[in-house]
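These are the structures, in structure tokens.
After this come two complexes, each holding chain A, first together with chain B and then together with chain C.
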Partner chain A sequence: MHELSFHETTFEKCLKCNACTVNCPISNVSFDFGGPKHLGPELKRMMDHQEVIDDARIELCTLCGTCDASCPENVHVSTLTSYAKAIHAEENGTKFRDLILSNAELVGKLASTFAPITNMTMKVKPVRKAMQKVLGIHADRQFPTYEFSNFKRRYNKKHATTEKKVAYFTGCYATYNAPDVADSFIKVMEYNGIDVAIPEQKCCGVPMFANGQMKQGLKNAQFNTNSLLEYTRQGYDIVMTCTSCTSAFKKEYASYLKTEEAEELAQHIYDADEYLRILHEEGVLNTNFATINAKVGYYAPCHMKGQGIGNPAMDILELIPGFEIQDMAASCCGQCGTFGFKEEKYPYSLELGKGLATVVEELDADYTVTECGMCKNQLDQLTNKQVKHPMQILKTAYEKVPVTS
Partner chain B sequence: MRPIIETEVVVIGGGVTGVGVLRDLTLRGIKAVLVEQRDFVHGTSSRNHGLLHSGARYAVRDEEAAIESYRENLILKKTVPGSVEATGGVFAKVPEDEDDYVAKWVKACAKVGIPTKEIPVAEAIKQEPYLNKRVQAVYHVPDGAVDPFTLAIDVAADAITRGAKVLTYSEVVAINKQGSTVSSVTVSNRYTGEKTDIHTKLVINAAGPWGSHVATLAEVPLKLINNKGLLTVMNHRINKQVINRLRMPGDADIFVPAHNVTIFGTTGRNVESPEDFSLDREELEQMLKEGEALVPGVTEMRMIRAFTGSRPLYQDTDDSDSSGRNVTRGLALLDHSTRDGLEGFITITGGKLTTFRYMAEKTVDLVCEKFGVNVACTTHEEQVAHRDAKQFFKETDIAPAAKTKLFHWAGKNAKEIETSLNNETEDKIVVCECEQITWAEIKAAMPEGRFNLTDIRRRTRLGMGPCQGTFCNQRVAALAVEKGIATQEEADWALKDAVTNRVKGMGVVATGETSKQLQMMETIYKVSLGLNEEGKSNV
Partner chain C sequence: MYDVIVVGQGLTGLLSAIVARKQNKKVALVAKGTGKMLQSTGLMDLVPGSNKDFSQWMELYGLSNREKITVKDAINEFKRLTEKIGYEYVGDVDKLANVVTSSGHLKSTALYPKTITPIPEKGRIVIVGFNEIVDFQPEFLKGNLQKERPNLQIKTMSVSLGKDSQRTLTQLDAARVLDEKDNREQILRQIKEKMKTEFTDGVDLFIFPAALGVQQWEKVHSQFCSELKAMVTEAPGLPPNATAIRLHERLRKEAIKLGVRFYTDTEVNGFSKKGTINEITIKMNNRNAKLESQHLLICTGGILGGGLEQTAKGLKETTLQLSVNKEGAYVDLPDHVYPVGASLGTNVIHYGITGGIYSVVSSYLTNLQIERSDMRGLQRA
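On to the complex of A and B.
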């Protein structure tokens, strides 16, 4: 039996209605992709106990998870497509580039060590041309910057002492590229009297799944599950500021690992805004915000939408006096994690991003808000508006409150 | 004057038995015409389990059947490779099964030369993850899966290339005699009612469960017991190899893989009419409950549809046995001249799909004897064209899944399909997504005669997947009209005919997803496409 034969039976429920394909961002901009229904449930049905079918078009799947959210039968479409990716990687070998891109953590560690140099190199044209040639990373694609003082170097508390305890799964982006987001989150929690611990953690695995590195991804998933369960079993809530990480812990881990542990952990995972909204519902959120007079556009990342938690970022930000926030209701941004970096995917990425870019331009807000670092990367490239994480805004709103004695 | 056809032998029935006889006759240089009231495999030959028996199932109870099966198993793997998947099979003993039977069975298999090999339970469960974890003993046997659709179509096609003639949708309505010798048969076209006389020296009744009726036309008595069995199609292929229960053969104890699905069954109930294809939910539930022993959870699994077929069992004497168990399942070759004093009439019935070639050999041996022809049978060696087409489609740009299907399926149509896929963009349209069938394939497999979606299904698997034709039948009907292959009326009729057919099989298994699938199909056809009961489109 093929090493990647896997037990996933939700495809059984597929009614062939094509709702996933109709909603798929890639299928909407290109016929080159076979669509999630075919490359997910349909293909799996034809492979079970039969020969493995390798379809190269799976490379165009970004694992955004819109298919999962649109399926009326709750088929785990993106689990199936991620296995199709793993099969494709196994059958064809993985490009060196994809290995690099899938290993966001390693790249982050290396790049943040040489942060100023890395950031420079990323901007230098000849270097980028070489990268495109050798690695297939598109020369025109802007990169997120790396910070030398990565978050791990700044904050490394292993235990929380307050009654409500939060263990923060920082994720690669907030650790290496945007430690300010992580700092802001710690501060926001502080304003709410909650101590934050940083558990041992590895990359959530999302970039690995997206590049067919299923085995490595599953290893990380297992590591993180074990590590975080130690916290949840002591009464910690697990909170994250990256919606892709959150989505992996809530959905993918349970669906890929199929263990009781993964299921158990999923019950304790919260997106940061979602967590604050719960505090608010419980009447314990510190709502002592300073007024921020701003008109902003909110962009909901696919991996946030896929969690089925409504729109917690807006729910919370709306509590800030003077803050006018509007949902831009745009479809997928097109960066899609590592997807938009790849030379051959770059045109699709730009095509996908057009819709969002137009909305940003038409809205002409003061700046854009989104939780996802990768969406921010695309927004930085396609629009001239600054992009902020909700935690950064909340931190400011708390800090600007005049101190009264 | 009616049209007249002259031949030496008329074979009645386009099941595996009939086409087997036709090919053997042709190979031995005897002129023959096969007549079938509908399409090939309209009868039991498409309504069975598709198990290429290794004989192991019969080893304890019926040594002769076991020997015959194993011998034919080996021959068919060689001679009709395109229709056989040498999956292998396992016999598994569950705690509920009698302990003594295992040793008895191993010994019996050894005695008749059927190779068995015990495999560790853990290994068996690794190979077959759906198998009951509580199995106590598992043996491997050389079972296989046979596709009865391609089998009959390919065997018939081979005979046709060698000069045989086939008339489908031609029902035998009269068998005419001169004195006590059969001289001709009259067939009536099912669509037009037009009649044709076929003058012949000999008629072979290979009408399966309709055998008694055909004998009545010749005015000879023939008592057959039609023993109806129920089978259900699982939504996907849950096993790699055939899974049998290691016990005295009974109901609901075999799972046979068939391409993308698994067929599970079966039961046995005697029925009056060969046309009794009725489905009983209670019988199905009982069968599924029994199936839990081998595959726990089978009751909850999604099924695509269920169907029934009747085993024509020959009964020598008149005392009827309602269980159908004590009647011979071996072949019955009846020479009505010695039996009933009617010259020129032979009945071949009973037997199995697995032994169809042998049944044909015996029948044609008798024909040769009668005709004084001295040619030996060659069907145990002469191969029917393989379906394998791996050397084609290298440059063809279609979905890998559709390509994989063609590699195993295209056979002698490969070149034609390849050319059309490489040259016409429209031909690349995957019309049936569940089974990955392109329009090119449909075009190449389309039988002559009236446009009929069910005939296309038998040749391509169109609409055999989970959606049961919800999307593909209308696509094919629309394309047929667009390409001038069918008129609007013909397409509407074909669509209605195909849908009605599918709805029946889905209805009985319609719980959970299949019931939603059925609702969706009916909504699309009745509401969106406006197909009403008469098969007329309202749009």
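On to the complex of A and C.
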């Protein structure tokens, strides 16, 4: 029996209604992908208690999770497709490139150590051409920059001393690429009188799941679960600024690990804006914001939409006086984490990004707001608007308040 | 705290959310899946599967003559909305149109998108299928249509989309192919080529699957009409039909742009009253959360939408866990809770299929009810 045979019964409720395929961003731009219905519940039905089937088309699934949110029967489609990915990787081997991409944390550590050189090198055309040839990373794909002064070097508090305590799962992106987002988050919490601790953590595992590295991903999930439970059991809330990390802890850990610990931990996971919204509902949010006169477009990442939390970023940002924010109602950006870097996936990525680029241009706002670093990467490449994280805006709104003595 | 919470994102749910948001209310929409609209034809029928006219419809749904003007307002409001979102509906509830489905049967419908043309009594018709779309068989359609309209001269043809896939292609897939200009031209060339030899005496109407573009439907439709020198219609059939998807995608985007907060992939699993306030518990990925609202709209679509379940003990209401009668209507409805559309349990047809017009009208009427209730609240204050 195959090692990756797994227990998942929600597919039995699948009526083949097509809601997942109709809404699947990839299915809508390409016939090369079999679609979530076919490679999820139908494939599982065929394989259950029988031979394992490896379908190479599963490589085109980005694990955006839109299928899960579309399904009227609550079938965990993306759990099925992520295992189909794992099966494909196991049967077919994993490209060296995919191993590297899936290990965002290691890349981050190395790249940030040599940050100025990395950033410069990644902009040199011959180097990028060589990368496409040797590694299969598309030469035209822009990379996020890395910071030498990564967040780990900037802040490493292990315990919080205030009454409300937050443990911050920083994630690879805010640690190595955008420490300013992490700094901003700490500041925003400070303005609310909340101390932030940084627990021991490894990459959330999302890039691993997306590249079929299920075993490594589950190892990370287990490590993080153990590490963070130590905090939640002492009354900490776990807060994250990356919506993909948040989604992994809330949804994937529980459905992949299938342990009570993962379920217990999931109860305490909050997206940063969601957390601030709760503070606001409890009447304890510091709403002393300075006026920011700006008209901005909001781009909702797929992994935010899948959490079922409404639109907390807009709920909070709308509290800033003068701040006009409009949801652009755009579909998937097409970067999809590691997907958009790959040579052979790059054309799909650009095709997906077209819709997003059009709405950004049509709205013609001052800048774009999104929580996701990878969506930002695509926005940076396809639009000429600056992209900010909600925490960066909130920090500015707090800082600009004139000090009265 | 929201002014209005809508449960469900089918036609009724999306319309209710949009109407409420336009009244400047703070609106949340809670939904488990995409709504049953994706399975529909996108046609707005009065009484699906029958030829009942407007006055019979009013009677069937228990609407009094007094309400006629309001009903007409609701329909005009819907037409204005569809025009605004770039997918205009035409037609008249007083004069039903006979449109063809992909099985070749005619059905009466009240409102339909501009890609649809009613079927005439006589004339020359060509039914065009796509080789790759197995859900639409021109010969099958012809056989049935000929029985209903013996005076039509009907011919069929099949052309290729020029795309292949290992997955079964649907009408929606074909529609996305037609969004691209080059593909349209390639397909039109094939049709014209066949016309040269087989259909030399001209054609009045071309019938296609419900696949004439998604984003670019207007371009597709007008290009086909002008190049084929005839009227063009879509014949909706097995889902997903582009006729329904266009409306669904646009209504959803409109609601999001207006600022409706979507709590997708959630389920209502608790309900209580705190004074006049409705408090629902929703199950998110990881935990339960509470949402409060002044008004709670149940747009869960009856049996078909999953709002009702048929059990051995009778009908079970799945959203608020309240008791319903044999028809699925709430027995003891709490204040400020409003079932809309099929959730009202009027059950005039079967399984909560109410027809698009009822969804349109019911969403509108519910909003008026809310407005009146708010006015009363203000007067008291």
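Keep in mind that, in the parts below, the second predicted complex is superposed on the first by the 405 of 405 C-alpha atoms of A that agree within 3 Å, B and C clash if a C-alpha of one lies under 4 Å from a C-alpha of the other, contacts with A are read in each partner's own complex, and residues count from 1 in each chain.
We take it that contacts are C-beta pairs under 8 Å (C-beta built on N, C-alpha and C of every residue); 3 or more make two chains touch, one makes a residue touch a chain.
Predicted, not measured: the structure shown is a model, and the values here were computed from it.
Asker: By the touch definition at the top of the document, which applies to A:R128: first (chain B), second (chain C), both, or neither?
Answerer: neither
Asker: After lining up the shared chain so the two structures overlap, which partner does A:H303 touch, if you call chain B first and chain C second: first, second, both or neither?
Answerer: neither
Asker: Contact-wise, after the overlay, does A:H389 reach chain B, chain C, both or neither (first, second, both, neither)?
Answerer: The answer is neither, since A:H389 touches no partner chain.
Asker: Tell me which partner A:H38 touches in the superposition: chain B (first), chain C (second), both or neither.
Answerer: both
Asker: Would you sort A:D54 into first (chain B), second (chain C), both or neither based on which partner it touches?
Answerer: After superposition on chain A, A:D54 lies in contact with chain B alone.
Asker: Could you tell me if A:K16 is touching chain B, chain C, both of them or neither one (first, second, both, neither)?
Answerer: first
Asker: Quick check for you: in the superposed arrangement, does A:K345 touch first (chain B), second (chain C), both or neither?
Answerer: A:K345 sits against neither chain B nor chain C.
Asker: Of the partners chain B and chain C, which touch A:K251 in the superposed model: first, second, both, neither?
Answerer: Touch partner of A:K251: chain C, not chain B.
Asker: Between chain B and chain C, pick out the one touching the greater number of residues of chain A.
Answerer: Of chain B and chain C, more residues of chain A lie in contact with C.
Asker: Does chain B (first) or chain C (second) touch A:M46, or do both, or does neither?
Answerer: first
Asker: Starting from the residues of chain A touching chain B, keep only those that also touch chain C in the other complex, and list them.
Answerer: 17, 34, 38, 57, 73
Asker: Considering only the defined contacts, which chain C positions touch chain A in the complex?
Answerer: Per the stated touch rule, the residues are 28, 32-36, 38-39, 163-167, 169-170, 172-173, 176, 239-240, 245, 252-254, 256-257, 259, 261-267, 282, 284-287, 289, 306.
Asker: Under the definition above, what is the set of chain A residues touching chain B in their complex?
Answerer: Touch list, chain A to chain B: 1, 7, 11-17, 34, 37-38, 42-43, 45-46, 48-51, 53-57, 73.
Asker: Spell out the residues on chain A that touch chain C in their complex, using ranges where they run on.
Answerer: Contacts found on chain A: 17-19, 21-23, 27-28, 31-35, 38, 57, 68-74, 247, 249-251, 254, 266-267, 269, 305-311, 314-315, 326-329.
Asker: Note which residues of chain B are touching chain A in the complex, please.
Answerer: It comes out as residues 126-127, 129, 235-240, 257, 259-260, 301-302, 399-401, 404, 433-434, 436, 465-467, 470-471, 513, 516-517, 520.
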